[in-house]
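Several structures are given next for inspection.
In what follows, chain A forms one complex with chain B and a second complex with chain C.
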Partner chain A sequence: MTETVSPARLRVLFAFFASAMLLVSLRVGYWQTIGRAALLEGATDQVTSELVLGAQRGNIYDRTGAILATTVQLRSLYAIPSRIADRAAAAAALAPLLGTSSDTLRAALDSGAEWLYLRRRLPEETARAVEALGIGGLGFEMEPKRLYPGDTIAAQALGFVNDDGVGQNGVEGAYDEALRGAPGSLVVERDPQNRELAIGLRTAVAPRDGADLTLTLDLVIQTSVERALRAAIEKERATGGSAVVLDPRDGAILALASFPTYDPANVATADPESLRNRAVSWTYEPGSTMKAITIAAAIDQRAVTPETAYDDKGYAIIGGRRLNNALGKAYGRTTVTQVLERSANAGAVFVAQQLGAERLRAYLDAFGFGRRSGVDLAAEASGSVRPLAEWYPVDLGTIAYGQGVAVTPLQLAAAYAAIANGGTLYQPYVVATRRDADGEHRIAPVASGRPISPDTAATVRQMLVSTVDDGIAKGASLPGFSVAGKTGTAQIPSADGSYVSDEYISSFAGFAPASDPRFVAVIVLERPQSKLYGTVSAMSAFRAIAADVLREERVQPDRG
Partner chain B sequence: MIASQAVRAAPRRRAALPRQPHAARPVRRRAAAGSVTWEVRTFVAVSAAIAFVFLLAMLYLSQATAVSTAGYEVQRLGAVRDELRRQNALLEVESARLDAPARIEAEAKRIGLVRVSTIPVVRIEAVAAKR
Partner chain C sequence: MRGPLARRTAYDLTLLAVVLALTLLGLAMVYSASGIGALDALDDPRYYLGWQSLWALLGLSGMLVAMRVDYRLYRYAAVPLLLLAVALLAAVLVPGVGTNVNGAARWLRLGAVGLQPAELAKLALIVYLAAWLGGRRDRIASPSVFVPFAIATATITGLVVAEPDFGTAVVILAIAMTMYFVAGARPRVFAALAALATTGALAVAVAEPYRVQRLVTFLDPWADPARTGYQTVQSLYGLALGGPFGEGLGAGREKFGYLPYPYTDSIFAILGDELGLAGTLAVIALFLVLAYRGIAIALRARDATGALLAAGITTWLVLQAWINMSVVASLLPMTGLTLPFISYGGSSLFVGLIAVGILLNVGRQARSGAAVAPGGAGPHVASVSRAPRRRRNGGAPVAAARDRRGASRGRRHPLPLPRWSSRARE
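Showing the complex of A and B:
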């Protein structure tokens, strides 16, 4: 017997299924058209990941290609405590490798944290030793670390990179943008095991690595300068010091040292005072090294000649004030050349009076004092030369022998370089070439002026040679080479406007060989214990530096 | 009609045929052969199509699997390359550290070497004059 379904029921059933199909079709149609993007985005989000591709920070090399700073990926050790079977045993095993106590490690593992770093940026040998332990629940993550193979060598010139990856001080600070590069990104589909799918979606924007910099610094000369400066500071028990070595032919900085110093790879533990680059960011009253500048200006203006003489009474009266020679010595008839040889303050006052305040001020400006030299290092100080309108009559005399003005050791070195090279003031620079994706860019030396004529420069050079050969700077003489230079002893200004009692800054500025100068060096010692005789140690440091530089540069002796 | 139906249909048709005397067999064979041929042809064509599609699918899958496997291999080799580069960078740092003049000087001091006080320079003119 066959039962028949009523047509009405069939129509209802048909209508029901037809409606259902219509609804489903509409819904499917919606997701395939209007809602497609949202659906696709949701699905894509589940399988894709977006990574920031960090740019490699550029390397820094010395002029011979030796690595001064580079970035490497080091392994950071992390722990997932819940996955460590025996935390006490793990802490005991890790403690000697990480150089910490097992109690400290145990406390960290028992702190309740789900995930924590035990030590970041481990040395590779330590990371390997930890890995060899095979402790479950421990893992490694790569993190970039800026390394300086020379440790503290050239720390002040190089600067450092902070924890945020930002370069500070020195070259790292001045060229941070170029060194840092630009990060890229990678959007990629991943499988459930977090592996990239080769046939999946892949959108990559390549990172632009930072530029590599080649400096004008020479690692051998830098090491020599730091050794000599450190020895002088230790001998004098000085509170600090700095040294600059320039190539006078173009202003390239061959070495730059400053003490106290620091390890740029461990800035967190450094004394804040040690971070200051005393050759560039610190100013001092140069003292008698400034006499060469005063005399160069006067000779250039034909106000005096090397043979111009005056009667030295041991002092000079100017602006109603009496300015004495060091130790009150009276020399009698003294030529301008002997003013340098004897470092007579009264003689410098005499020369300045012949020149006049206006012209002296103009020459100080022409030699680059009172303004930044433009060196490509971070945080350069400008020094201080007061405007002429603020000069008291006595200032003409004191500034003539380097008191009442503030300079950086680098400014003084650049000024002496102008005397050494025939009268051209070059802007000191430390980066010789920059190499990036576009190729290698050489940085051309910049001549910022010609404060004195070549004839004047030659005359002053000879006078400075005489100062070393026959005068106060004999301690800087070097067998086989003609050396030009001048000592400087300056008092230290105090907060109340007077000078600190019985404390000095000793310095020496010179170059060699005087017949064809290949380097200029300025050495400054702060508060040497031998007081006025600190210049002896400064000259010893110069001599040691000169011997190494001339040997390194393969310079032939110019004297028999 | 799908292939399986074609296969099943043949026996039914054969069963429906009345038995014929032996003399008529060649004729019947030819007729049966004509009918089977069409069915077999259809079966073979559909089977071939299915096999072809299956092979195509297998080919695609094998290619996709190969690409995927190659992708994993590329990723693995990339990781190996990155690690070798890292090790190379570490070795370069170590080399620079060992080449540092300060370290060499310290090592020289440690083994008792001292700095020379003077370095004699032979002048070319003097040598030439003696020749």
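Showing the complex of A and C:
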């Protein structure tokens, strides 16, 4: 019984144990060193969760500090259908609160989605009512909503913010990055029940809120302009229109209106055409408002003086083509001043011929036509001035009175502002100051050129005053103030390269007081019902706007 | 090799130190791994630490008793102990008596205390087989010896499979096979038996769909890391998060509800997470030392029963540890075994410590000064390895061999070490 067992077999057993332990050491060693990298990402990812800390979008104010756009946090209602005990009952209970049919809600809940929004950004009282239903499987999530306290006021100038928080059009689009700020993040380690680990890492990067913008727009002037434009459009049953009011002294945009318009609260259902900011994106053939530019160029080049006269036969022959005055009127001896007063096409052709195509083209360029003004609004169009090489001889004549070129209302306003302010072309702008964490940044006006001399500007101003006082633009005159301006009636190019018959774009460009202009306004109406007399409505809109602007700006009358 | 203490005691202090180290490390890891879950579920982060500490104290007390009880007395207790184990294992299967956890009836609940009869069964079978095979090595292949061995093994294994606890059944089968091998099984018989056992185990393994799934998952845990492969993937994540030096004791992230069974089956992954490769290798090294000292005790045991007891207990603790760690390292398919001394579990810790006590007692009664190393090679080692064969051949120069060994250590031990019988009476 004292015999013991085979030591050899015990050694075999130990060798077996040693090998087994070596094997598991190698395996564990592999996972904790070489094989570690492949696992580490998954191991860390499942623990860490990153929360985006949203940045507050900046507010937009008018120049007096009135809020034009702000952001509030609203509750969005979501559903996890699998956790709703009775989907039919839930749909029936929610339907009246959300203002949808219970069938639509039922279909959404039964769509098979694991998670869905039932309604985003509910008004707070609706959210509370839904909460009071106490239906399991429903939940709320805060989402920012952009509010425009003025409703449709300056809708196109402001733009809007889409559901994903991206600014579109107008100031919201052009300044999206500044307004949006930078979201922060909070990296937290969590357990599978989504509770923070007591010992976990926590890394927070604070969000940087968006900048607040103060615009050059003036809510009072903007309201007045919109009202005047709307009245003109309704009276004329025009298909569209736009109005721009600039401060000629620095290019600041005081008002910007576009029609048709939309309600920023219901962008989703708005007609895409209504979202367009026509003031900057509508290129149209300006017609006779361009005569002022042609004449300014010729006077600046001393090709003509206001007193230079020609014999008006009612038409002009150029490049083998006959260009007629409106309604074929023949005026006889006509001075350059009278060309504007009578809006004689043949006179504009005469002036352009004195100037020559090359110099006219150069002045169009100097006045900023054919390129973007650089306004700080989204979706600006450049207009169209063909290069000189593509000009036919007749083009010198038609361009002289505003056909064969296309401009935006804002470009025309900027060009008239140069005439008004003594010859400086300013880049129009809409954002006056940006206020962010670093403080307030005032945006300086940018002068982009001096197309004409102060003397020329003064001369043309006087001629435009005559046009209002004694000429075709009488409808724009105001008691107590000298008004300068010019009407324009242009044909609408058709798809086949000629013009649409009997449909026009009527416009008026002007400024006041002419002795010390405080504002420039351009009003453009598309397809007014009164056809060639659409300019009358444009001028009355101008008058209404001018009265409000001059009162708002407290401008003293310059006439007795 | 031995410190001054060794002069005053015959106990294997290295083994004792290893087991104490594992138990203390286990308490720290159980606290760290269970604290979060206990705080959540029971509002008491020290709940599991408290129970584990209590069982450690009971187990250490049991060990202190066991190391002083002459292991040869167990041969009288072997059969009753085995029958008790069988009875308890059977009781577990009776609905209403056994407690069903996660679809397996493995527990007997006595008031607040849950007992796992399978833990007791391991020790009972080892004691029985050591007693049975130890005295019958010359007739090891005869049916009169083999059949009771086979019946005892098959009964215990079968009852454990029925719980079902496949992992423990494999461990029990492997312990029995190892003891049969060490006892001197004829190579051909052993090979046939091993083949049969392997086939049987595989048959049982594929009989249950969830075990087949575990095999499939083992081959590619990344096929479905969120469901079937979840535990494996989380174990590996634990090891990876730990890296070479760990996230720090208590600072692991896997235990926050990611890794299932963090303080029992998967505690090695938490240990790897918090203590890193340094910690995991230390634990593996401690079990390797345990294996070394256990086999050394078997080699020095004064009789075959002692050697078989030592071999059986060592195999149990080391094999179970290896399987547990291998599952965590995805070296083996998923199975629910505790890591001895470290995992939370009263029965496992208590019975394990008592087994170590028995092992220490076997070592204490070793042939005097027999410094036989399992991995060592030397002239006297070679002579020992030849000794049994010579004895089997008729000659019995045991005394001579012992004399030679005694002589080699004579200067350190002027007096022969006290005989086990006299020490047992002290």
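As a working rule, the second predicted complex is superposed on the first by the 434 of 560 C-alpha atoms of A that agree within 3 Å, B and C clash if a C-alpha of one lies under 4 Å from a C-alpha of the other, contacts with A are read in each partner's own complex, and residues count from 1 in each chain.
As a convention for this text, contacts are C-beta pairs under 8 Å (C-beta built on N, C-alpha and C of every residue); 3 or more make two chains touch, one makes a residue touch a chain.
Quantities reported herein were computed from a predicted structural model and do not represent experimental measurements.
Peer 1: Applying the touch criterion given at the start, work out whether A:Ile67 contacts chain B, chain C, both or neither, answering first, second, both or neither.
Peer 2: A:Ile67: touches chain B, not chain C.
Peer 1: Touching A:Leu23, do we find chain B (first), chain C (second), both, or neither?
Peer 2: After superposition on chain A, A:Leu23 lies in contact with chain C alone.
Peer 1: Look at A:Pro479 in the shared chain and tell me whether it touches chain B only, chain C only, both, or neither; answer first, second, both or neither.
Peer 2: first
Peer 1: Name the contact category of A:Ile153: first (chain B only), second (chain C only), both, or neither.
Peer 2: first
Peer 1: Looking at the overlay, what does A:Trp115 touch: chain B (first), chain C (second), both, or neither?
Peer 2: Touch partners of A:Trp115: none, neither chain B nor chain C.
Peer 1: Between chain B and chain C, which makes contact with more of the residues in chain A?
Peer 2: C
Peer 1: One more residue to check, A:Leu197. First (chain B), second (chain C), both or neither?
Peer 2: Touch status of A:Leu197: both partners.
Peer 1: Determine where on chain A the residues touched by chain B overlap those touched by chain C, and list them.
Peer 2: On chain A, the residues that contact chain B in one structure and chain C in the other are 197-199.
Peer 1: Which part of chain A faces chain B closely enough to touch in the complex?
Peer 2: 66-67, 70, 72-73, 124, 142, 147, 149-151, 153, 195-199, 219-220, 223-224, 226-227, 479-480, 551, 556-557
Peer 1: In the complex formed with chain A, which residues of chain C make contact?
Peer 2: Answer in residue numbers: 36, 135, 137, 178, 181-184, 225, 233, 236-244, 250-251, 253-254, 256-258, 272, 276-277, 280-281, 284, 287-288, 291-292, 295, 298-299, 301-304, 306-308, 311, 314-315, 318-319, 322, 325-326, 328-331, 372, 374-375, 381, 384-385, 387-388, 391, 398.
Peer 1: Could you list, by residue number, the parts of chain A that touch chain C in their complex?
Peer 2: Residue positions touching the partner: 1-11, 13-15, 17-18, 20-21, 23-25, 27-29, 31-33, 35-36, 39-40, 42-44, 46-47, 189, 191-193, 197-200.
Peer 1: Of all residues in chain B, which touch chain A in the complex?
Peer 2: Within the complex, chain B contacts chain A at residues 64, 67-68, 70-72, 74-75, 86, 89-90, 92-94, 96-97, 99-102, 105, 118-119, 121, 123.
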